[in-house]
Amino acid sequence: MAINIALQGLTKSYLGMLPVLDDVSFNIDEGEFYYLTGVSGAGKTTVFRLLMLMERPDRGTILFGGEDVTRLSPADQALHRRRIGMVFQDYRLLADESIEENVALPLRVAGYRAGKLRGKIEERLEQVGLADRRKDRVMGLSGGEKQLVSIARALAFDPKVFFADEPTGNLDQSMAIRVMELILALHRGGCTVIVATHDLNLIRAFWARTLLIKDRRVHEVRLTEHRSSA
Amino acid sequence: MAINIALQGLTKSYLGMLPVLDDVSFNIDEGEFYYLTGVSGAGKTTVFRLLMLMERPDRGTILFGGEDVTRLSPADQALHRRRIGMVFQDYRLLADESIEENVALPLRVAGYRAGKLRGKIEERLEQVGLADRRKDRVMGLSGGEKQLVSIARALAFDPKVFFADEPTGNLDQSMAIRVMELILALHRGGCTVIVATHDLNLIRAFWARTLLIKDRRVHEVRLTEHRSSA
Amino acid sequence: MYLRYGIPRAIRGLRTNWRANINNVLILAASLGVLGMIVLLYLNIVHFSEAWLSDTTISLFLEPDLDPAARRALFGQVQHHPLVKAAVMVTPQDGLRELAEKLGADHAMLLGAGTEGLPYTIDVTVFLNYRDRIDLLANRFEALTGVADVIYTQRLLEEVKLFFVLLKGIGWFFITLMVLSFFLIVSHATKLSLYARRDEIGILSLVGATRNFICSSFVVEGILIALAGCLLAAGIVWMCYQLLISGFSWNEITQAIKAQTVFFPLPALGAALGAAALLGAMSSHFAVTRLLKELEP
Amino acid sequence: MYLRYGIPRAIRGLRTNWRANINNVLILAASLGVLGMIVLLYLNIVHFSEAWLSDTTISLFLEPDLDPAARRALFGQVQHHPLVKAAVMVTPQDGLRELAEKLGADHAMLLGAGTEGLPYTIDVTVFLNYRDRIDLLANRFEALTGVADVIYTQRLLEEVKLFFVLLKGIGWFFITLMVLSFFLIVSHATKLSLYARRDEIGILSLVGATRNFICSSFVVEGILIALAGCLLAAGIVWMCYQLLISGFSWNEITQAIKAQTVFFPLPALGAALGAAALLGAMSSHFAVTRLLKELEP
């Protein structure tokens, strides 16, 4: 069911700047859970942007389940994105719409019928504790609440691949733990997961393999290093 | 030089909802440093919005240096905001402008001449490690870099009052420490400071008095409680 | 499937930004209204010029010494010419009286001059569509035996005609210019209102929506705005028309004009509505597609 | 102080959103161009109608039995009337010839009718500005002893005059409508482009900028866009004008028209530029102030 992800010799630079990623290769097997870490500006978001086909790499290929996705047609790009649930660092919510509508969006895009839709949304909103505010507009939510809506949206359709960019940066500790447990439950269902974070406490609390972006390269680091350095 | 801040019997509710803050009073003396904490959606940002005159309270008064600021004219509101440096939870930067321009904005607004301006900006950008990128547009920055620009802007004009809403949520640990040291240096210069955060590690590392928003009220809590509960 | 998302979303969108959308409708209605008024004015000018120029007649002055039988034969010949709508034989007395009437108050003076030696005339009205060939026709008539002279256009009428031709040309020019600028306005307004919502388009694309899906709500919105603007414009033009012609009653001439003015026929209004809807749909589709292209890597 | 921030910021803003701004300029130019063309057409129609209607003359038919001295006395009296521009005495022979010429080819026929019993006439041209009072003048002349009859307007001319009056009215109506819709377009475009930048306005306000400070860059932008649009429109109108009149050379009448057409005088163009700049400044100032009010608690 899940999908393995492979980056091969990937180089990415933004216009007129030094490359952010230089000849990066790594492989994430089906159903694995990885953290992605690195200092501010290291390139974590850039990795996600490449995986979501929001940017084209300068060189190299990205394989999803063995298929090269870097040169898909617009229609196939849409299909590619539909199998990925992603929590963006800046949330990317429709500010004018209700919480409910935002969470329903990927389901609507995938053509779900209203009946089937409602149950799923209900469940996700319960899980992040926003069920009783489902009619509120996203515009008036607090930073943490927006992040929760974004997480609920990414989880809504039981994705095969789940990416989260700093999903707990605006959450208090207990909420962060609840969210991590939701992600782990999804992972246990067979989903391939990558979570970018700065929060070493999070990594300590929920152990998983960790990729570190440093000097334009991605290295797998051992958690024990973090433990000792913390 | 610094200004003391007092909230008296403040109640604030958003349209058609239960109050977020209910009859809140607290007093922050000149040159004090306070943390403001609480779960997601507790009302931290709301407190700042009230102090910045972005919202009007339902009831109660806000005193800055003994002066009630809740009913100022637009021109006086502008003057009020000019003495406050604030880091917003969602940064509030001009995406189309360069880092330099963004940091210069409060100085320009205050009528600084170009010569005096340049030195200040230079210094702040050095402190947050963005000096060599000063010409880059904010639009292309990473989440953490945007946060740093926002911090540099708030510090640019040596404000008498400094507010920061979750200023380290997107920063890695070493950068977070650097930023906190900058804020402490400002505080030592006599500035009144309030920092809202979820990050208990931050509070542990840089001890200060802490206000907790809970059940629509603001309580001062003892750091030892946090220590024991962590 | 697209419409199941598109229609409710479009209606929500219209409601949320109602102020901007009302502005959009107003601006559309204003520019369409001006366009409509100009087209209407143009139509009326053409209509009147047709009516006016259709007065153009040919007068055949017969030889004074023609006997009644030859006159009648000639009259028959002229009357049955395929381009001739109507022909009237005018006696010298009638001719002089008509002439005097045409000239106004000095008829008494002319009538005193006597009719001896004055010729019979045949006044010919030509079918409207053949007015251009009036020269040929006049020459043909002049060649007939028994015809002394042919007059067929007065100078003033000629000038008026030229004036109408010019007006017609300028009218076309304007209508083209206005249709172009109208198109520009619509596509600009669409582009700007999409620009303000480009985040939304980006988000939809990121959760895997196809182009058609993303377009659907914007296209529906575009159609609704265009239709509303068009209907309002039709209302405005109708009111202006009524206002203008209601002013036309200060004497018989203006009342004659009033009786003859034309308004758009219903099918034309329907076609305009359809065209507006199409334009609204096309320009929002175009704008969305271009924004999506920009968002692509 | 505001301009030190406002001007560079406005120029940066224009450069950053250059595509939207070029669109803004184009749309402005298009609607201003249409407006300009309509005003120009209107000016020319008024100009021509003035020229045409200034032909209006009064003809005084004198009593046939008036002796030459009385005739000359009467002529002097008419000629020196303050409203009279020129007066000509016409003998019966000349009168009949003129009449015949006016009627076209049938002069031979009329000239054969003899001039006995036909009166002398005085043809009077009236000063342009007193054309409205022509009735009074005609009545006054009719009351003079020795004057048998007065004709002063031919029916066709009257119709033409009416037509011009109507055209003038409709022209005014249109120009008003277009100025209104132009205003709507400008303020709408400003509003929309500000709407896309309302975050910026919010941020400026949050770092303590006063209203005037915030307005400065937008007002400068508005002025620059309005000026650019206005200049472009003037260019367009000038080109269209040249294009239209260059087509006017197919015969003498059109060439006469061509020689008489008028274009906007330079001061008027300058005034239009100034008005556009003012409008641009005002509408952006208004839009910013309203957005700021919305942002206030």
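A few remarks follow.
Note that the chains take the letters A, B, C and D in the order they are written out, and that residue 1 is the start of every chain.
As a convention for this text, contacts are C-beta pairs under 8 Å (C-beta built on N, C-alpha and C of every residue); 3 or more make two chains touch, one makes a residue touch a chain.
Quantities reported herein were computed from a predicted structural model and do not represent experimental measurements.
By the document's definition of touch, chain A and chain C have no common neighbour. Each chain gets a centre from the mean of its Cα atoms; the one farthest from the centre of chain B is C. More C-beta pairs touch across the C-D interface than across any other pair of chains.
If you average the CA atoms of chain B and of chain C, the two centres end up 66 Å from each other.
With each centre defined as the average position of its C-alpha atoms, the distance from chain A to chain B rounds to 29 Å. Between chain B and chain D, the centres computed from C-alpha atoms are 62 Å apart.
Within chain A, no positions touching two or more other chains are listed.
If the chains shown are joined wherever they touch, the resulting network closes on itself as one ring, and no chain has more or fewer than two partners.
Pairwise, the chains that make contact are A-B, A-C, B-D, C-D.
The touching residues of chain C, when paired with chain A in their complex, are 1, 5, 12-13, 16, 199-200, 202-211, 213, 292, 296-297. Chain A contributes residues 14, 38-41, 44-45, 89-90, 140-145, 147-148, 165-166, 169-175, 198, 200-201 to its touches with chain B in the complex.
The touching residues of chain B, when paired with chain D in their complex, are 52-56, 74-75, 78-84, 86, 88, 92-97, 105-106, 108-111, 153. Listing the residues of chain D that touch chain C in their complex gives 20, 23-24, 26-27, 30-31, 33-34, 37-38, 41, 61, 99, 103-106, 109, 112-114, 117-119, 149-151, 154-156, 158-160, 162, 166, 169-170, 173-174, 177-178, 180-181, 184-185, 188-189, 191-193, 195-196, 240, 244, 247-248, 253-254, 257.
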